Structure formats: structure tokens, C-alpha cells
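The structure is given below, and queries will be raised subsequently.
Chain nomenclature is as follows: A, B, C, D, E and F, assigned in order of appearance, with residue numbering initiated at 1 for each chain independently.
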Amino acid sequence: MPVIQVTMSVGRSVEQKRELVEVLTKESARILGTKEESIRILIYEVSKENWGNAGILGLDMK
Amino acid sequence: MPVIQVTMSVGRSVEQKRELVEVLTKESARILGTKEESIRILIYEVSKENWGNAGILGLDMK
Amino acid sequence: MPVIQVTMSVGRSVEQKRELVEVLTKESARILGTKEESIRILIYEVSKENWGNAGILGLDMK
Amino acid sequence: MPVIQVTMSVGRSVEQKRELVEVLTKESARILGTKEESIRILIYEVSKENWGNAGILGLDMK
Amino acid sequence: MPVIQVTMSVGRSVEQKRELVEVLTKESARILGTKEESIRILIYEVSKENWGNAGILGLDMK
Amino acid sequence: MPVIQVTMSVGRSVEQKRELVEVLTKESARILGTKEESIRILIYEVSKENWGNAGILGLDMK
């Protein structure tokens, strides 16, 4: 029953999300020894003003 | 102090969310033996391109 | 595909968890207009030293 | 490697988020005895119809 | 800055977790076009009495 | 209604957790312009074999 939650910056294409769901499901099922049918993936997109690293807002990086 | 986080597809009405918050709070408080005042509910809405089941993107289902 | 994540203090019985899973699933499916089969529930138990309210650690309450 | 996830109502300014990321990182690193570089913060904004307290939808409060 | 959170049943070996972290990081970086260094993975293990599917507690399945 | 969820390695003392809850609550309330009473903090502790950075399991670092 693995549930995989991915939080990432907005802006990825549907193609990237489709491949992400397909590959993460396949690889997790293989490694964990569980059926692909039991794996659920949730993607949360956050804008650059909604995450920070080392105390710096994503918006201010680079 | 239960915190209940619901992740679901976008598109439910305010009436559905209102009932969801009311009923999940009441039932959880009853079952867990805690006060309704201590229960907090958070709803995260994700679009069909942001979740997958069995390796298939929600967008591509059926 | 609703995923419901409940974070609560440790110490509830299996009977309480069983009823929680049963009732939250049934009520959510009814309110959201989705099948019970599509609902997954995850319970995270935290000890009293691992949550706080209003700046006070659960361990120090009352 | 602390990951801090903040769920809050929409509507805060970039300045507030910038200060939140800066201060939560600095204080957490100091208290936990870890480097600021290892701390990641994620902010999830939810509208007033997507959270509830004590069984009442945020939208209906006051 | 992707953060990947995996919730799964307890009982996997260190070897499985090591491969899970390695493969999910590599594949996510490739698909999302981001550096492996920026990806963080968190694993939450829950016992069979702490999750449910279709209204049935994991403990009671088959 | 901010909910702050901190995921970190196991092993911090109760004193560190008490200060973390106190300080994160006070600072978040000040920055966000909300009451301390409305802030809830949840701490999830994960062992070194349950997180990874840049594809490397915490257990294998250094």
C-alpha cells in the first residue's frame, strides 16, 4: 500500500508527470516487492515563493 | 489533537467540503474519545495530472 | 482517489483504529461521491513529546 | 536533514514568506544543532474552504 | 528541490530502503531535469494497524 | 490555523523539542500575524535508515 507524495516546483509538463508516475510506481513495486496496483502517487506543486532551502526563499535563489 | 489531512481531486463544492469537515470531525471525536474542538482538518486539492494510481496518471484513466 | 492522513497521539486501540478506518472511509465516500475502494487511510501516531499546541508541548499540558 | 512543512491560509505576502523561511531555518538549526544548509521548508497554501477547525469550515468562521 | 515522502508498511530491509532512495532519486532527477543533490527522500513506516484500504484495516486483510 | 510539520532524525531531547515548539510557534505567529493559540506543531522522527539525500541513505553518510 505504498503512498508516494512528491512536492516539487510548479512548471513540469504533463509528459514529465506521466513518466514520473509510471517510473516511480514500477521501480518502487519492484524494489519493495509489492504490486504496482497498490501504489498511489500524489504530486503537490509549490511556487518559488513557497519553499526555501538553507534559509533562502526559492524565489531569491541564483 | 488529531490533525486530519485529506488529499483529493479538485472540483468538490463548498457544500461537500463543509459536510466533510463536519462529519469527519464529529465521527473522529466520537471514535477517538477526544473533543471536537481539538480536531483540525486540512484539504489539499490536486488536479488530475497530479496523482497516479497503479502507474497511470489520473488524467489518463478510463 | 482520496487519501486521508490522520496524525494523532499514540495509545488508541486496534478497535478504535478499525472503526476509524471504516467510518471515515464510508462517510468520505458518501459525501464526496466516490467509491469506498478508492479511499486510502494512513494513521501516524506521535508521542506526547512530539506535538505542540499554542507553543506548549503535549507532554506539558494540564 | 529537517524538513519543515507549513500549511497555512492563502494571502501572505512574499515578504512574510521570506521572513518565515529565514527565521524558521535559523531557529531550528540553532535548537536542533544542525546546519542551516540542511533545512528545507515547504509552504502549502490552502483557501478558507479547504480547512476546518472544531468541525467548522474556515469559510464559515466568525 | 523535490521532496519525496514514501509511506509504507514496516518490515523492509535496509538494503531495500537503500535501493529505494538511490533509484527514486536517480529516476526523479532524470525525469524532472533537476540535480540528484537537490532531492530529499523521507520514509514513514506504518504498522498494519495504522493504515486502511477500502474501509478495511491492513491488519484485517486476507 | 497554521499547522507546522517537522520531520527530523530521531534522538533530540525533550528539552530541544520543547524549545522547538515554543520558538517556532512564537515566531510563526509574529511573522504571519496570527494568534499563537491557532498554531499546531507535529514532529515526525525518522531513523537514519528512513531518509536519504542526493540518493544516499542517511545511514551511509560520512
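In this text, contacts are C-beta pairs under 8 Å (C-beta built on N, C-alpha and C of every residue); 3 or more make two chains touch, one makes a residue touch a chain.
Fair warning: this is a prediction, and the values are worked out from it, not measured in the lab.
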{"item": "Common touching chains of subunit D and subunit C", "value": "A, B, E, F"}
{"item": "Chain copies touching (subunit C, subunit E) - same or different residues, decided at half shared", "value": "different"}
{"item": "Rotation in the CA alignment of subunit D with subunit F, degrees, nearest 5", "value": "180"}
{"item": "Subunit A-subunit B separation of Cα centroids, rounded to whole Å", "value": "20"}
{"item": "Whole-Å gap between the CA centroids of subunit D and subunit E", "value": "23"}
{"item": "Shared-contact residues (touching 2 or more other chains) in subunit B", "value": "1, 3, 7, 40, 42, 44, 51, 53"}
{"item": "Touch-based graph of the chains, sorted into line, ring, star, complete or other", "value": "other"}
{"item": "Inter-chain touch pairs (all)", "value": "A-B, A-C, A-D, A-E, B-C, B-D, B-F, C-E, C-F, D-E, D-F, E-F"}
{"item": "In the complex, subunit D residues that touch subunit F", "value": "1-9, 12, 16, 19-20, 23-24, 27-28, 31-33, 51, 53, 58"}
{"item": "Of all residues in subunit C, those that touch subunit F in their complex", "value": "7, 44, 46, 49-57, 59-60"}
{"item": "Subunit E - residues contacting subunit D, complex", "value": "1, 3, 40, 42"}
{"item": "Of all residues in subunit C, those that touch subunit E in their complex", "value": "14, 17-18, 21-22, 25-26, 36-45"}
